[in-house]
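The next part holds the structures, each set out as structure tokens.
In what comes next, subunit A is part of two complexes: it sits with subunit B in the first one and with subunit C in the second one.
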Partner chain A sequence: MSTISIKNLRKTYGPYMAVDDLSFEIPEACVFGLLGPNGAGKTTTFKCMLGLARPTSGTVLYGGLPLVPATQQHIAYVPERSVLYDWMTVAEHVEMQRRAYAKFSVPKANELLRQFGIDQRKKTRALSKGMRTATMVALAIAREADILIFDEPTSGLDPINQRHVLNLIINESARGATVIFSSHQIGQVERAAERIAVVDRGRLALEGSVDDLKSDRKIVEAILPSETFALNGLAGDPRITRIDRNGRIVRALTSHDAQDVLARFEALGASGLRIVDLNLEDIFLCAVSPADATADVVEGR
Partner chain B sequence: MNYVEWLRVRNCLRIYAIVLGCLIVLALIIRISISNWMSDEQYTIDRVSREPGTTITHSMVDGVNRTVIENARERTTITIDNKGFFGGKVITITEPATERSRVNQHIGSFSFQESHSAGMQTVTTRTDEPVNFAIFLVIGMVAMLLVATILGAPFAAENKDHLEIALLKPVTRTRYALGTIGVDAAGIAVSGVLTIIAAIVCQAMFEVPQLDFSQTDGWLLLFVVIGPFAWYAAINAVTTSLKRGSGAVVGFAWPAAFVIIGLAGIPIQGTPVGQVVHTIFWGVSRIVPITYMHEFEVRHGVVGDLDLPSRVGILSLLMLVYGALAVLQWRRVEA
Partner chain C sequence: MPVVLTVDPRSGVPIYLQVIDQIKRSVALGVLAAGEQLPTVKQLALDLTINPNTVAKAYRELERDGVIETAPGRGSFVRSNGSIETTKTAATDVARDAIEAAIREAKSIGLLADEIRSLTSAAIEKWFREGA
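On to the complex of A and B.
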């Protein structure tokens, strides 16, 4: 199972466009983070990838081939909400997976469930939200699938188990599996993901290697002489991707030479100039929050 | 691949078996409770046996144990032909006529016949009457209909919250659907068999039934099996696309079916409103499988004079159409 290609994926629910012309590729054995605000279309993208929802248009290819029932042997999915059967025990879920998937490892499932402290004799209705999530994660990892898709895999887990799940995800990648996951905890994504895609209102806002995205972008921070100080068209500078202003403090995102932008600020009479490295949260916020809204403020109008 | 459905069916049958077990225990309690006074004949036998001057003789006649209890002073003769546990008994009591007179009856294996002659009455009680097996089949069919109703919404159960499990199995949706239907069909059939066995056991507690299969033919067997399957398929077709509310559909399925059949039964020669109601509901009732299993409707001609093969044919058609509708819907559901 090699590269996953998503091409021009579009999914509408009546008049609502959940996913709009989404295209990106997920390389084999990569940890891929799918980020986006609530309602951005992450879960719908996963559902289209898995055949749980029919795309309105576009394709999802696994190693160049469309999804067929046999492909499901190689894909494990953990949805964001519990889909376990309330009336079944955890052990019965293990048995269900064993019967359905050729590579499912019962010893591995037993070990993971033990690590999470889950009693297999319990019916899943007796488990807490976090324990249900942990059960689903354990069952998915015990599948020994080539592709693992996790939608908010740490939702409801305590910090210890969040860390444990993250380690499991990284271990799966080390095993050679392709891991795709979404999370609102950007720190987790930053720690685990090699590549990310940011979707916003169904559209791809950003995609690339985490390291590249961070190294390509810098923030130039400056203190302006006054709160109403005009920036003389700085917001329209093609070298500046985005600019935010909070009182006298201005932060400009650039993917060009940061020194040039810094010199521009210096020429305007700004003080406290410095170039700051971006973290993933900055990249995410820049990708999804509207920059136009601050234009007036930036220009001091 | 259909392990979850198998578990559902197993749980359903487990509960159903417990209910049947309770009924058997209840029958046993009744049997024990009435064992000492279950018949006037037994009372007479006990009474006469204790009378002075009574002679009791045992013999073997044509392989049957015969006991004759005779009391000349009371002019009473009792003949008991015992054919063993599985063969039943024939008890004939001849005694002076009394004022009480009983209606000749035939219930299950039991029959009572009374005749009078020259101031004497002869009461013959038989426990070896043949029991039409078709009765047990119909009892089994009713049970199958109930279980078919309970199991009738398997896809709605998945559709509610579990599509991420059900649809990600490495099989086509059609194969998954057919597997699920197959598991449910097996469960429904097993419930019928369990019910028939339980009914026979209950009957045997009172007297081992001499089963008569002469009226049980292939058409009847098909009717008994296909009727519940058609009902299951109908509920399934109605509920498959539902994410919520399938329980209400299942709960109201029987009342709704009987309302439709009842309103379809309003005579056409009634009021104009009645005629309209009849026409609408008659039409709707054609696609309700229960219509073809409802004896009331047969008597009132709503189904017409459909014979058993015709009913089997219609029920088979409904079963296939509803089954196909359920599968087609399942192929289209989205999480």
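On to the complex of A and C.
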């Protein structure tokens, strides 16, 4: 099925710009996490990818080709809000999916629903929010699709079932499927995703492999000789994304080569040099927040 | 594999580096014996709830470092050829990281090379006093 390319995607609703010039690629068989604050444009991006919303401009390509109905057959989608029919039982949903999708596996659906402890005789209106999410996840995975798009696939689930959903995602990836999911629980994305994109107010704020981001994004902390000490040329260093000063303490957020940045501070006569690791939540907050977030992130440890 | 690895995904240390470090430590301690089979990539990914490509990357680096070897179709194993060397290499890697972190810290709080050297000598004296 190969790479999914999102190129200069833009979607406006009247005067509201939901997605603004978004570009990134999702490699085949990758677990890809889409992160962003509420209203950042994640769901709109998913809808444009699925052909459920028409982009104002830009394209979404699957293996270099626009989305066609034949490709749609290979994409399973779990939306954030329940799309189950209240008056139908879970078993009736299974039957409906079987008729709609050639590759749908009834034994797999039965097994997944059993693992979640869902009684198929129940009408879906009788299920809790979390169990409705679990039902949709189970039905999507039973389609044995090449691409799975999950919008908040763990919302409303207890920690045990959340972990179960993550393991299902991992299992799908291990068999070669591409999984794109959004979650507000950054710890889950940190576990399951190989690559992430952070969107903020419709724009791409950050994109890359989780491991690379953690290896590259560091805070270099140093104590300057005096409060008025000039940081000659450091503000223009391409490796430094942001500098925060508080008296003699200076913290520089680096995008790569933290060791070299540390050496530059050392050459200036700074002391107390150290490199602070950032986890995905810290990196996320630095990417989406206004300028003083770095200091808060380090202070908060 | 009798060893239960644990990773802390919320740490700032990339998960694949945590996996590498723990397997090297297990080999160094002899908890993972030469020739012992490691879980498959998929199995370890599911056991730890981490991305399969992350596990694959850790295995590739461990193989490059000579700690494990992969037989196509059979799986990954702790290297059996020159197992004493493998153990020694793994132990040296783990120890080097710990020592470098300590020296970096000592330097950052303003100690000079000679001062760090005498602290290191004193520590070696302390820990190797009896026999060895």
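Going forward, the second predicted complex is superposed on the first by the 246 of 301 C-alpha atoms of A that agree within 3 Å, B and C clash if a C-alpha of one lies under 4 Å from a C-alpha of the other, contacts with A are read in each partner's own complex, and residues count from 1 in each chain.
In this text, contacts are C-beta pairs under 8 Å (C-beta built on N, C-alpha and C of every residue); 3 or more make two chains touch, one makes a residue touch a chain.
Being a predicted model, the structure only gives us computed values, none of them experimental.
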item	value
Simultaneous placement of subunit C and subunit B on subunit A, clash or fit	fit
Contacts of A:D211 with subunit B and subunit C, given as first, second, both or neither	second
Touched partner set for A:V288, first subunit B, second subunit C, both or neither	neither
Partner chain in contact with A:M88 - subunit B first, subunit C second, else both or neither	first
Touching partner for A:D277 - first (subunit B), second (subunit C), both, neither	second
First, second, both or neither for A:I249, with subunit B first and subunit C second	neither
Partner chain(s) touched by A:L61 [first = subunit B, second = subunit C, both, neither]	neither
Contacts of A:C30 with subunit B and subunit C, given as first, second, both or neither	second
Angle, in degrees and to the nearest 10, that opens at subunit A between the C-alpha centres of subunit B and subunit C	140
Greater subunit A contact set [subunit C / subunit B]	C
Touched partner set for A:Q73, first subunit B, second subunit C, both or neither	first
Minimum C-alpha separation between subunit B and subunit C after superposing on chain A, in Å	28
Complex contact set, residues of subunit C against subunit A	9-17, 41-42, 45-46, 49-54, 57, 104-105, 107-110
Complex contact set, residues of subunit A against subunit C	30-31, 163, 166-167, 170-171, 173-174, 187, 190-194, 210-212, 214-215, 218, 271-274, 276-282
Touching residues on subunit B, where the partner in the complex is subunit A	1, 3-4, 7, 11, 161-165, 167-172, 334-335
Complex contact set, residues of subunit A against subunit B	47, 50-54, 69-73, 75, 77, 79, 83-85, 87-88, 92, 95-96, 99-101
